[in-house]
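I am attaching a structure below and will ask some questions about it afterwards.
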Amino acid sequence: MLSDDEKTKLANRLRRISGQVSAVQRMIDEDEYCVDILMQIAAASGALGKVGQLIFESHVHSCVKNAMVDGNTKERDEKLAELVELFRKYARID
Amino acid sequence: MLSDDEKTKLANRLRRISGQVSAVQRMIDEDEYCVDILMQIAAASGALGKVGQLIFESHVHSCVKNAMVDGNTKERDEKLAELVELFRKYARID
Amino acid sequence: MLSDDEKTKLANRLRRISGQVSAVQRMIDEDEYCVDILMQIAAASGALGKVGQLIFESHVHSCVKNAMVDGNTKERDEKLAELVELFRKYARID
Amino acid sequence: MLSDDEKTKLANRLRRISGQVSAVQRMIDEDEYCVDILMQIAAASGALGKVGQLIFESHVHSCVKNAMVDGNTKERDEKLAELVELFRKYARID
């Protein structure tokens, strides 16, 4: 569960990312230089990764922690399997 | 320079990415499960990478190619230096 | 803790990776084509990522799990903080 | 083509990477802590990426440049297609 403070911060970041995606669209429409568009895309992608990192952090320190402390074996194992899956996804392995 | 056909395809992809970013925002607002949000972020990030790949491809086969064929030494060297910079940025080295 | 079976599998993978790194060195010495060398490097890098994924998996299902079940608050929090750090490192964010 | 100076520098880096891969093997054998092993793997992986970056740079400023200046259309197109493929591989898209 994300706190209200975390939500506000994430909303700000996501608003900025939306703006970056719109900027990419506009740059394409206006035939701006490809390399500048690619740099804008890299910026949006980095910002999105940062949002992922923040949510992962919050996830670990709330959901995972709670499942570990209070959950039953099944809930715990589920959380651990999800961590493995997230790692695979985000480390972009295979 | 992107062709009209490429622009249309990219616009479709970017519209979908905007939708994914909005979905992330909505999922956060509605307290959806962090792991689902993280999977949505990974999807948006992958889609953004694909847009980058397409623009890079077009860039290489138009701007870089033209600079190589018609450009002077300075223009050529600029294009090559940009390729190195893009590679560094996208391969996320250091 | 890695099981003997996991250790054998990882040793095989690491032997292969050592071979790939040696191959890169040999290819450089023999002036092989840069693009072939770069593909060999990408292969070694992917193989190394896979070893990381396997160790992470084992880590989560043994060390993290045990700390969650048997550990005290301090041990648990340590494991969780390490997960966040590993995620940041492997997702190559910032 | 890599210069002798570049080759020496790359050889040093590759020797260090071989050492890091051996260290991973030794750490596994000696049951060292998984997180430390994972950090060592991340270091080796980062070092390998840096070698890739250096070879890419040299490739662009020699092979690609030469093909652009002196090559025929077929050679040029080959180089450009390879750049696209390398970008896809290293940016780990799809």
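Per-chain numbering from 1; labels A, B, C and D assigned in written order.
The definition used in the following text is that contacts are C-beta pairs under 8 Å (C-beta built on N, C-alpha and C of every residue); 3 or more make two chains touch, one makes a residue touch a chain.
Quick caveat: nothing in here was measured; it's all calculated off a predicted structure.
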Average the CA atoms of each chain to get its centre, and name the chain whose centre is farthest from that of chain D.
A
Mean-CA-position distance for chain B and chain A (Å):
17
Per the C-alpha means, the centres of chain A and chain D lie apart by a whole-Å value of 28
CA centroids of chain A and chain C: separation to the nearest Å works out as 22
Per-residue multi-chain contacts in chain C, two or more chains
49, 52, 56, 86, 90, 92
Each pair of chains that touch: what are they?
A-B, A-C, B-D, C-D
Touching residues on chain A, where the partner in the complex is chain C
46, 49-50, 52-53, 56-57, 60-61, 64-65, 68-69, 76, 80, 83-84, 86-88, 90-94
Listed in rising order, chain C residues that touch chain D in their complex are 1-2, 7, 10-11, 14, 17-18, 21-22, 24-25, 28-29, 31, 33-35, 37-39, 41-42, 44-45, 48-49, 51-52, 55-56, 58-59, 62-63, 82, 86, 89-90
